[in-house]
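Take a look at these structures.
In the two assemblies presented below, chain A is common to both, partnered first by chain B and then by chain C.
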Partner chain A sequence: MDTLAQHDNDSLPGDFAIWIFIFAELLVFGVFFLAYAFSRANNVELFNESQMQLDRIAGAANTLVLITSSYFVVRAVAAIRTGNSTRCVHWLLAAIAMGGVFLVIKLFEFGDKFSAGISLSTNTFFMFYLSLTFFHFMHVILGMVILAAVLFKARSGGYSAQEHTGVETGASYWHMVDLVWLILFPLVYVIH
Partner chain B sequence: MQYSSQAVAKPYFIAAIGLFVGQILFGLILGAQYVIGDFLFPEIPFNVARMVHTNLLIVWLLFGFMGAAYYLVPEEAERELYSPKLAIALFWIFLVAGALTIVGYLAVPYATLAAVTGNDLLPTMGREFLEQPTITKIGIVVVALAFLFNIGMTIISGRKTVVNIVLLTGLTGLAVLFLFAFYNPVNLVLDKMFWWWVVHLWVEGVWELIMAAILAFVLIRLTGVDREVIEKWLYVIIAMALITGIIGTGHHYYWIGTPEYWQWWGSIFSALEPIPFFMMTVFAFNVVNRRRKEHPNKAATLWALGCAVMAFLGAGVWGFLHTLAPVNFYTHGSQITAAHGHMAFYGAYVLVVITMISYAWPHLQHNAPAANGRAQLLEMWSFWLMTISMVFITLFLTGAGILQVYLQRVSDTPLPFMVVQDKIALFYWMRLYAGLAFFIGLCLYVYSFFAKGKESLASS
Partner chain C sequence: MNTTPFIRPCTVIWLLLIALTGVTYLVGQAGVSGMAIVGFVLITTLFKSQMVVDHFMGLKHVRPFWRALLFAYLLLVCGMIGVAYYISL
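Here is the complex of A and B:
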């Protein structure tokens, strides 16, 4: 266990390239969040009023879903660190399934908004709401694709207790997707 | 040269440099016409010279890209080119079609050219940068498809490297996106919207893939750094280029009649477009600093580093200057745009093609890894002369642009366009002088190919 802990402290988990990618992604979302904050400061009433039309229950449910999926990914990494590929595959499958649940809930939310006649051109708040959640939605899909790629490699025994950089790489990306939602949800759905 | 079929790159490079000289000559004519309105009128009107200047740029860069692909694909795939004969045939078809098009621009009025070439059957002419007669456009598609077939077959049956795959992806994107040149809706908003799918998604999308692949190939060869390291950089750079570049198209949609959300999407995504260029600069210097061998071709290393830096400045920094919607509200279509366009094309695409030529030419011409010392010295001089001149062209145009935007659009008593043009004429004169210095640098570059050194050819 000591050696494992030491390994963790020495370097970033996963491939270094994914971290450059993660920082770049966070930068894009960060700029978007800042733009949201500045626009809101100029239109507080409009933002507060429009925000009331969002489905906070669905948003909160999705927050729980994503946090749970991140927990499953943590378990998948823990499993492969002990060399247990089968268990790793099962946890990854569970995480991907939770990603699927997120997408379904989000699709219902989008459908609800579109049927209410809300679009990108409705007002600045909904422009931000739809853009941010749509870009995040696409990232959930990409995250699921990455986890699926890791899953297939794990299933064919491609990872071991010694060499499992790929699992950590996929996990890091998935946590980023989760992290962005953890900022997005309170910022866009709750704070007013 | 490892594979004899790589030699087909040679005529492509020669044609590229020849057309480059033509492009700069027309640039000088244009620069003069900015300050001497009737210079060469009516023989070469401004709009025709501009068309020739921009079209020659695109065509010679395409020659450069194709030459680069023919040189590097066999070496990466570790096999001969699928069909060298096809490559040579395409070269002549493309050259003759290109030459006829330019002659058409210069010899007859544009409307006559449109009538003669049957533009009414499938109207595609009359749009900036896509002025080519429809039959020329069809020719470009045919050449592009046959070219893709040729290098695609080479790659498929050879060693598959990341450099080759990225290059092939970029070139395929180039060919596919050009198809939007044939889409010419009556609605002007839609017309402009899809016009950018060719223009923007080329230079701020798929061309960046081509550029990154060429740069990566040359740097692998020059520095001996592990392929794995360079490939990882390549992945991250192209991912960033596509993330920021594709939705970054929105920075052209601010004022053409598209919905308002494009002002946000365009501003946010294109504000991050400097990142992949910055990464390319860090990547190039990082790799050169970690080099595992001293390659005798010093000139090629200089071109490669210069390419990364100038692309970051021209495309990245000068693009960012006017990419945010609130800024662009005042600056769009001004000399700021021209400043950005000049340095971005020079830094990113002119220099990457010259980098490739500089690396490949000694192999193609002398079967040696590097040209003689004197030729390399001349090349380096030409690099500095052209690059510094381009920096000044950009600075003068930026000065002209700032003044223009203020006098014409920001001040309390805005002046008419032509009055402002007269007031900023000094900047145009200085730009013309900088252009002449650039041309001298280019002549020096051409001369470097013929320079004989005292020592025999350098050996590795």
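Here is the complex of A and C:
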């Protein structure tokens, strides 16, 4: 069976350089997550009380938004593998729009916290919450910029069924942004 | 070329991820705690993450080393988070 998921030589999808970047990013986020978890072990009461002030609905909504956005990128890759640039552009546009929804929800969440007088210096929990989520926020923006660059090239016919490494490269980065949030959400918003 | 053999499993995975996110959210809303709950949420997270790696990133179809490397990363991070919560009990 000819599956579209099959890659030449069983190599990683997209440019290998992006995977070096992805592994480096995952390492940084991993260290960040463990720093949060082990800091919590020394401040359980503080972390549990502070976590109660988070908007869990916004966190869950953003998880759904990123998962859906990732799925749209999968559809964009599938489209270009059949040589359908127009459909690829439409799916990429939808994925970028979902990234925009993520940013808007997060900005409301940040605004809510800042208006309540919460800042990096409030306590250890909020130092982690604000820095971790802002760090991820910046990655979402970078991911959107990468997807936009891929979109413009796809729109001008820069990719084909035979050559679409750029689409797979952008897709791989975007899935990494989703992957990190899948760990961040339960860690910071749910478990206590 | 027919995209259905590739898209259909990804659509199922997308719906599964949505459902599991709902479960995680409900666990948080229930306000329950304890190592069993933390373990359940972390295993759910590990499963969800591996679904993204396998089907969205497409690593199920590349050299097994890369898939194993990412699984090891996810297992290490989720496992160490579990350890951190265990020692805080």
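What we mean here is this: the second predicted complex is superposed on the first by the 185 of 192 C-alpha atoms of A that agree within 3 Å, B and C clash if a C-alpha of one lies under 4 Å from a C-alpha of the other, contacts with A are read in each partner's own complex, and residues count from 1 in each chain.
Going forward, a contact is a pair of C-beta atoms (placed from the backbone, for glycine too) under 8 Å apart; a residue touches a chain by one contact, two chains touch by 3 or more.
As the structure is a computational prediction, the values presented were derived from the model and not from experiment.
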{"item": "Partner chain(s) touched by A:32 [first = chain B, second = chain C, both, neither]", "value": "first"}
{"item": "Chain B versus chain C, judged by how many residues of chain A each one touches", "value": "C"}
{"item": "Partner chain(s) touched by A:21 [first = chain B, second = chain C, both, neither]", "value": "first"}
{"item": "Touching partner for A:12 - first (chain B), second (chain C), both, neither", "value": "second"}
{"item": "Which superposed partner A:121 touches (first chain B, second chain C, both, neither)", "value": "first"}
{"item": "Touching partner for A:131 - first (chain B), second (chain C), both, neither", "value": "first"}
{"item": "Which superposed partner A:191 touches (first chain B, second chain C, both, neither)", "value": "second"}
{"item": "Chain B to chain A touching residues, read off their complex", "value": "232-233, 235-236, 239-240, 243-244, 259-261, 264-265, 267-269, 271-272, 275, 279"}
{"item": "Chain A residues touching chain B - in the complex, by the definition given at the top", "value": "15-17, 20-21, 24-25, 27-28, 31-32, 35, 120-121, 127-128, 131"}
{"item": "Interface residues, chain A side, partner chain C - complex", "value": "1-7, 10-13, 23, 26, 30, 33-34, 37-38, 40-42, 44, 56-57, 60, 63-64, 67-68, 70-71, 73-75, 77-79, 81-82, 161, 171-172, 175-176, 178-179, 182-183, 185-187, 189-192"}
{"item": "Of chain C, residues touching chain A in the complex", "value": "1, 3, 5-7, 10-11, 14, 17-18, 21-22, 24-25, 27-29, 33, 37-38, 41-42, 44-45, 48-49, 52-53, 55-63, 66, 69-70, 73-74, 76-78, 80-81, 84-85, 87-88"}
